[in-house]
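Okay, structure first, notes after.
Letters A, B, C, D and E mark the chains as written, and numbering starts fresh at 1 in each.
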Amino acid sequence: EEQKELTVFTAASLTGAFGEIGGIFENETGMTVAFNFDGSQALRTQIENGAYTDVFASANKKQMNAVKDAGLINNSSMIVFTKNKISLIIPKDNPAQINNLSDLARPGVKIVMGTKDVPVGDYALQIINKLGNDSAYGPDYKTKVLENVISEETNVNYVVTKVALGEADVGFAYVSDITEDLAGKVDKIDIPDEFNVIGEYPIAVMNESKYPAESQEFVNLVVSDEGKAVLLKYGFTPV
Amino acid sequence: MLEVDIKKRLRDFDLRLKLDIDRGKTLMLVGDNGCGKTSLLNLVAGLDSPDEGRIALDGLALFDSEKKINIPPEARGIGYVFQSYALFPHMSVYDNVAFGLRTRKMPADEIDVLVKEHLDRAGLWDVRKAKAADVSGGQKQRIALARALIIEPRLLLLDEPLSALDVRKQATMRRELKESIRACGVPCIIVTHDLRDVVSMGDFACLLERGKIALKGGAEEVIAWGSGQDDVGDLH
Amino acid sequence: MLEVDIKKRLRDFDLRLKLDIDRGKTLMLVGDNGCGKTSLLNLVAGLDSPDEGRIALDGLALFDSEKKINIPPEARGIGYVFQSYALFPHMSVYDNVAFGLRTRKMPADEIDVLVKEHLDRAGLWDVRKAKAADVSGGQKQRIALARALIIEPRLLLLDEPLSALDVRKQATMRRELKESIRACGVPCIIVTHDLRDVVSMGDFACLLERGKIALKGGAEEVIAWGSGQDDVGDLH
Amino acid sequence: MSGDSNQEHKCIGRAVAIPSRSREIALKACLGLLLTLAMAFIALPVIALFLRSPLDTILGTLHDPVVIDALRLSLMTSTITTFTVVIMGTPIAYVSARFNYWGKELADSLIDLPVIMPPAVAGIALLVAFGRMGLVGHYLNTTFGISIAFTTLAVIIAQVFVSSPFYIRQARTSFEDVDLSLENAARTLGATRVYTFIHVILPIAMNGLISGAIMAFARSLGEFGATIMFAGNFQGRTQTMPLAIYTAMQGDLDVSLCLSIILVAFSFVVIVSVKTLTRKVYKRC
Amino acid sequence: MSGDSNQEHKCIGRAVAIPSRSREIALKACLGLLLTLAMAFIALPVIALFLRSPLDTILGTLHDPVVIDALRLSLMTSTITTFTVVIMGTPIAYVSARFNYWGKELADSLIDLPVIMPPAVAGIALLVAFGRMGLVGHYLNTTFGISIAFTTLAVIIAQVFVSSPFYIRQARTSFEDVDLSLENAARTLGATRVYTFIHVILPIAMNGLISGAIMAFARSLGEFGATIMFAGNFQGRTQTMPLAIYTAMQGDLDVSLCLSIILVAFSFVVIVSVKTLTRKVYKRC
């Protein structure tokens, strides 16, 4: 008898957490789980072009909604399972002496962020806007900060890599990106909730899934306490 | 018997001639540099196609522009010594000579016997393992000759086959070549600039001038043409 | 005057000889295929280095293993006709002949005059625009000769320079070459397998056997060696 | 014959510019410097990578089943890719080197296209052509029930797509450089076109073919963008080393750099041994 | 001389296997089919891409300043890269084709390394070597105040790094195939090494050099991973077409596919014209 295999398309930022949750699921059900880790946009492109998957976990609602609009997911199964916040990350030796949000506007600071089309870039822009509207940061805060941006990355990894290597002075990344392994190389500066943007991660079962019941079981595991504990461990904010 | 009756446009002039050579007979082809001798051999060998005309060997058409026949060179059964030798530079001397037998799928032990015989006769046995690119000019010419003769062709085309041989080898080769052509009984065309070749090997000779036959006949007549020049007179 | 006294390990034997050639004199080099004639010319030209010994031209060392002198070929001022011609296949006939003058930075109009003269004399003016790869074998040899002579070298090395020429051209060339060597007064080495060359062009001759000089002397002596063979006797 | 007017030449020998010894040395020094700089330019980044990653971390990651899977998959797919490219590409290169056919120039330029496309675009292009909904894949799926995308086969297809131009171009020029008269000689000796190709043309062009095959192999070992788009990132099935490196980058930069070093070192060894081996075999025949 | 025993040969002519006409036709058909399949394999994905993108969208995006910037930057950097690679790579290729020096085999294999590295890794390697904290970049930064990363220069460096192996390899084999006796002939005619190189060796190897340069150009036009890592993604400064395509891909796939088509079409035109142009010039000399 052939081994049953559950296919899960998962946003790359969930690699560590879902890898662990997958292990738990395999132990509980005896099924194997095959993960496809890639950017949410790439996953969406693949699904739209006929890639088979049972479960889709996206890093933002935009890509999930696109798939949903195409009628590919079981709408009732869709659920937001975790949130993620943005924080500033700086190299451990902090070459530009960034200590707070207003330092971002100092001339010569090298900032990397996502391009406006990736969620992490979109969120960063929103945060900068909010800060610019706050009188505490001055009227030209926004222009000064944007002038300091040296690169608009298409992938949050590239932001983290450049900061970790010390090539950029500061970057906008998800809190969950600062993994235990990276903690030795970077520090983070929290962004207060009033300025921060909360990213939402939806998950859903696909319509054409060959194992709808098992897929639902997987989703259930993710939102269970056990799943939440794992997500928490990887820096997410499960709901 | 080889029958040739062809027309071909070359870069500078037209090649246009009619020739018959009986089995066992040797035609010596002489003429100025660039008069079309090599071009003619290439046409007979099938490496190039005449614009029109007919080439036939023993009654069988090798080329016929009317009947649209054009037998590929590998099926014509010719032995061709190229003016520039065209040895396979990546192969040893041995492999060069054995090449034609291998294409005929002869068993390796028979090949061995034949190749040894030919290499010995050409005085090449000692350099048999050298790459063909790494031997002297005259040795190259001997390889080219051995390579063409070993396949016992139905038609021999030799483009200045003795020009680079040393004095001793040239004399021997001339004698051997003549005998083996006669014994084999195949038609043969030899291009040469050495009137001694014409005298000693040719049954008849042909003088080519800008693609046309200017003189045809016994060897003596062609020699007479040559001796209009000064020091060729030495020959008599 | 060219002085050669060298030793060089070849693949199959040692080349080891001592030679002097006065200005305006011509040495005819004969010998079996593979006896080391071409190798010797390459050593004199500087394309290869002797294992030990000395080569000097007009008293100036071109190579000296003791003094560690080894003048590169481009500074030796030689005219070399290669046995395989070594024409530049991507250049026209004209450019091949003009090459040596261009390296000497001669003005284009002077080059034009000289090249025209040489091409005319070699009967190559009509094919001057053809690529050197696209002419006949004999035409190639004429190009090689013209290319080597036009630079008025201080030393001439000719490796079978007439072997592919047609009967008429060969006779003329033999005469012209002889006269121009004498007039120029440079030492000259000619490799040949044609004893007529030895008689008509050589001041003295040298018979090479497996890298060593077996016979040296007037042309007649070498001919005598040759006529031990059967049909070379025709020559007298 | 004219020319007799020529005998009065002064014949002192036309002056040759004797290259001074110092110029020769300067030239050599320049070349040496250039070579050193170029080597440094390529070597420095590699060395810097090595320096950042302690050896024990590298050796540690070697035991990780993810790494073993990826390495195995990478070597397997790249090898299959190279063989496919060589077997399919050689006749194609030969045909475009020696024959004229309708649309030859177009076909020749078409072959370069995959190189220009950014790899992810190449992946998307493959997906819209051979994916389940694709131009061709659609028929394959409905008629034969075959689905190519997201399988190991897809990895190979993606690699073949991006790396074949490198082989074909080099093979083509190598074939063009083979002297036609050798081909002619072989045929007069009774060799058919195919025999001539195998025994004369192929060995003479071999140097270039090996070089092209190594390039194709290297390119497919490093292939990332087209693979992840067209084949997905499934461990053990489509996750080659470059994909594993990307995945590791999500967690720990250092691990991903270690993986890179393993890939580079392994490939280096493979390429050097392939090179020496093929050269030996090729010299012998 | 032995051999006189040989005259009694029967001399009927050794049998030659006459290739039947049908076999010849079958061979041609096979080759034709193979060629068609290969062309289809490459052309289909490209066609599928075109079919997905309506022409007016493509023409529309052509007016977008982002696209114009990226296209300009791509053409500029790739051209500079190709020139750099050709100018630096030609002597290197020649030296490794003709001379033996210490560590030659190693150097030769080193040249292939950038091809094996997944482009993003190559970018990281460049960062850790030439970035401001890098092995070398560190000194450049503190001593001269030069910072390379995140500039247009960095784009060019990244492209040179990834594309030079393709040129150097092909150039090397082309140089190896030049007949040594032609070099010898030139030198006896008074040509120095440099003159010989320029007037004899270069023209004869030209076919391969052009082909290699086109490969390098194509490769640098399509370069993405190393560029975004080492040079970053900044419109007008470091955002080449592939980067613009990836950026657009995050938002609207269709726009990014349109950009890809523009890139492919432009490059195709450039490559075809470069090819015909250089071939013409090369034929003439």
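For this structure, a couple of remarks:
In this section, contacts are C-beta pairs under 8 Å (C-beta built on N, C-alpha and C of every residue); 3 or more make two chains touch, one makes a residue touch a chain.
Owing to the predicted nature of the structure, the values given are computational and were not obtained by experimental measurement.
Counting steps between touching chains, the shortest path from subunit D to subunit E takes 1.
Taking each chain's centre as the mean of its CA atoms, A is the chain most distant from subunit B. Taking the mean Cα position of each chain as its centre, A sits at the greatest distance from subunit C.
Centre-to-centre spacing of subunit A and subunit E amounts to 37 Å, using the average Cα coordinate of each chain. For this pair, subunit C with subunit D, the centres built from the Cα atoms lie 46 Å apart. Work out the mean CA point of subunit B and of subunit C, and you get 28 Å between them. Residue positions of subunit D touching 2 or more other chains, listed in rising order: 16-17, 19, 120, 124, 128, 134, 190, 192-193, 246, 249.
Multi-chain contact residues of subunit A (touching two or more other chains) are listed as 45, 161, 165.
Listed for subunit C are residues 72, 74, 77, 84, 103-104, 151, each touching two or more other chains.
Note for the complex: subunit A touches subunit D at residues 12-13, 15-16, 34-38, 42, 45-46, 48-52, 157, 160-161, 164-165, 179, 181-182, 185.
Here subunit E touches subunit A in the complex through residues 124, 127-128, 131-133, 149-150, 228-229, 231-235, 238, 243, 246-253, going by the rule given at the top.
Those residues of subunit D lying in contact with subunit E across their complex are 16-17, 19, 27, 31, 34-35, 38-39, 41-49, 51-52, 88-89, 91-92, 95, 101, 105, 107, 109-122, 124-126, 128-130, 134-136, 160-161, 164-166, 169-170, 172-174, 176-177, 190, 192-194, 207-208, 211-212, 214-215, 218-219, 221-225, 241-242, 245-246, 249, 256-257, 260, 263-264, 267-268, 271-272, 275-276.
If you check the complex, the residues on subunit E that touch subunit C are 179, 181-182, 184-192, 195, 199-200, 203-204, 285. Taken together, the subunit C residues at the contact with subunit E in this complex read 42, 45-47, 72-74, 76-80, 82, 84, 86-91, 99-100, 102-104, 147-148, 151.
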